[in-house]
Amino acid sequence: MLQPVLTAAELNSYICEVYPQIMEQYPGYKVARVDPGRVEIQMVTDERHIRAGGTVSGPTLFSIADMGGYACVLSHVGRQALAVTTNLNINFMRKADPGILCADCTILKLGKRLLVFDCTITANESDEVIAHATGTYAIPPAR
Amino acid sequence: MLQPVLTAAELNSYICEVYPQIMEQYPGYKVARVDPGRVEIQMVTDERHIRAGGTVSGPTLFSIADMGGYACVLSHVGRQALAVTTNLNINFMRKADPGILCADCTILKLGKRLLVFDCTITANESDEVIAHATGTYAIPPAR
Amino acid sequence: MLQPVLTAAELNSYICEVYPQIMEQYPGYKVARVDPGRVEIQMVTDERHIRAGGTVSGPTLFSIADMGGYACVLSHVGRQALAVTTNLNINFMRKADPGILCADCTILKLGKRLLVFDCTITANESDEVIAHATGTYAIPPAR
Amino acid sequence: MLQPVLTAAELNSYICEVYPQIMEQYPGYKVARVDPGRVEIQMVTDERHIRAGGTVSGPTLFSIADMGGYACVLSHVGRQALAVTTNLNINFMRKADPGILCADCTILKLGKRLLVFDCTITANESDEVIAHATGTYAIPPAR
């Protein structure tokens, strides 16, 4: 079965090391939880992350889904900074006011070369789904 | 057949009005060309738009695809700032160095309620495809 | 909250009426369960549904996902035979031997014009995910 | 640059050998053309391929897109019967009457392990796009 190899604290520290821009772009970003086959990400959105109409923008929602997949890889495969997204499909379902975004990500398949995940995004402690994504990461071959 | 209702200059001016953050986040952003059923977008990427490994990030590529779809709607439907993405699927195919990104977008369907487009992203004047996206925008009902 | 308007038995009878080919193409097809926001579909696969390599084919897995979305619409909106798929994204994760396919479908959003669902496909009573799909159905306007 | 390694005639003969069911399920199926980076597929649809409403069904359109991707792999990589679809995203845009379906497929990326393609489906010699798909095939490692 799936078993994490890094804790949430180890993940947060590793992500800030390999991707130091993250805290400027996404203040309050953190991996909130790591469980077997599952990772939860949070970030805080403000006026930089909104679009016409005053709601959280598509690129912001894409970003948290993409970072959720990245955290799935790192937490379950190890410190593979160069893992890259090969495909991401996202459905936008409701508008969200700026505040706290939460992405609940599940690993659907962890192969030798690919990890497939899905991700459900909610906001501001409501249960309503803001967006839902499915994506694939390519895992660099072991050296 | 499809016929634009706004020129590239009108589009650029409208987008800056309804989405004033755009030039801070994406310097050099512009609609470069509008043709029947087709729109071309450009932006300049710098160190803010890269990911681990030094190449242009997934969220940046998503953004240009999404803005390309938005420009498809505005150019062919009119000043509909509140059109929203409902689905976007993106495949990442090659790495791109920071520089100039170009998104060539084609309208696949323009219905009363939905516009479907595809988008081929290239970089730095190479023909190689960096990423390819297909997406759907919901068009607000006419008042 | 989401509430079904048809039972599994009513759904099965309606689907056979509007789509009589279904039992020839997909023997053993049935809606096994309807719950609030959720539908479970089953079908039996045989040598007609396999591809090179002897495993269940992609089109067969697409079909059960698509029929799962259709059952989501019919069960929660009513007898709308002319609802149509507008988008479906599917990831194929493991091979499946012919036998019983099961699709567990969840409604992510039920709007006036669109229903978004996801679908997890398993086979032969194993928990392993064979394929995972996300899709959108357009709901015909009420007359 | 991309260069085919099999002709259309070689492809048709190979596909019938490894997937003998194809002509029963999809009468008139053939690879009509192979060009560098591009493949064109045709098939004939009849009452077996329609859905409620009398138009060509989603699974039929999925099938021709999927077979188009398969033909992209076989034509440009060689006789790799066990290549498998890992992801396929399809947008359904217009209804099609039964008759001749045509899928025009372009290779977006041919890597060592993955081939990404897109596919535009038209029907009955009209230029209108019925459906558009983007997909990924995994290529078995060379022995």
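Labels A, B, C and D are assigned to the chains in the order they are written; within every chain, residues are numbered from 1.
Assume a residue touches a chain if its C-beta (ideal position, glycine included) is under 8 Å from a C-beta of that chain, and two chains touch if they have at least 3 such contacts.
Predicted, not measured: the structure shown is a model, and the values here were computed from it.
Interface comparison, B-C versus B-D: the pair with the greater number of contacting C-beta pairs is B-D. Most remote chain with respect to subunit C, judged by CA-atom centres, is B. A separation of 23 Å divides the Cα centre of subunit A from that of subunit B.
Taking each chain's centre as the average of its CA atoms, subunit B and subunit C sit 33 Å apart.
Averaged Cα coordinates give subunit B a centre that lies 28 Å from the centre of subunit D.
Across the assembly, subunit C contributes residues 86-87, 89, 91, 136 that each touch 2 or more other chains. Against subunit B, in their complex, subunit C makes its touches with residues 86-87, 89, 113-114, 136. Residues 18-19, 21, 25, 47-48, 50-53, 58-59, 62-63, 66, 81-82, 84-92, 95 of subunit B are the ones touching subunit A in the complex. Here subunit D touches subunit B in the complex through residues 89, 91, 93-94, 108-109, 116, 118, 129, 132, 134, 136, going by the rule given at the top.
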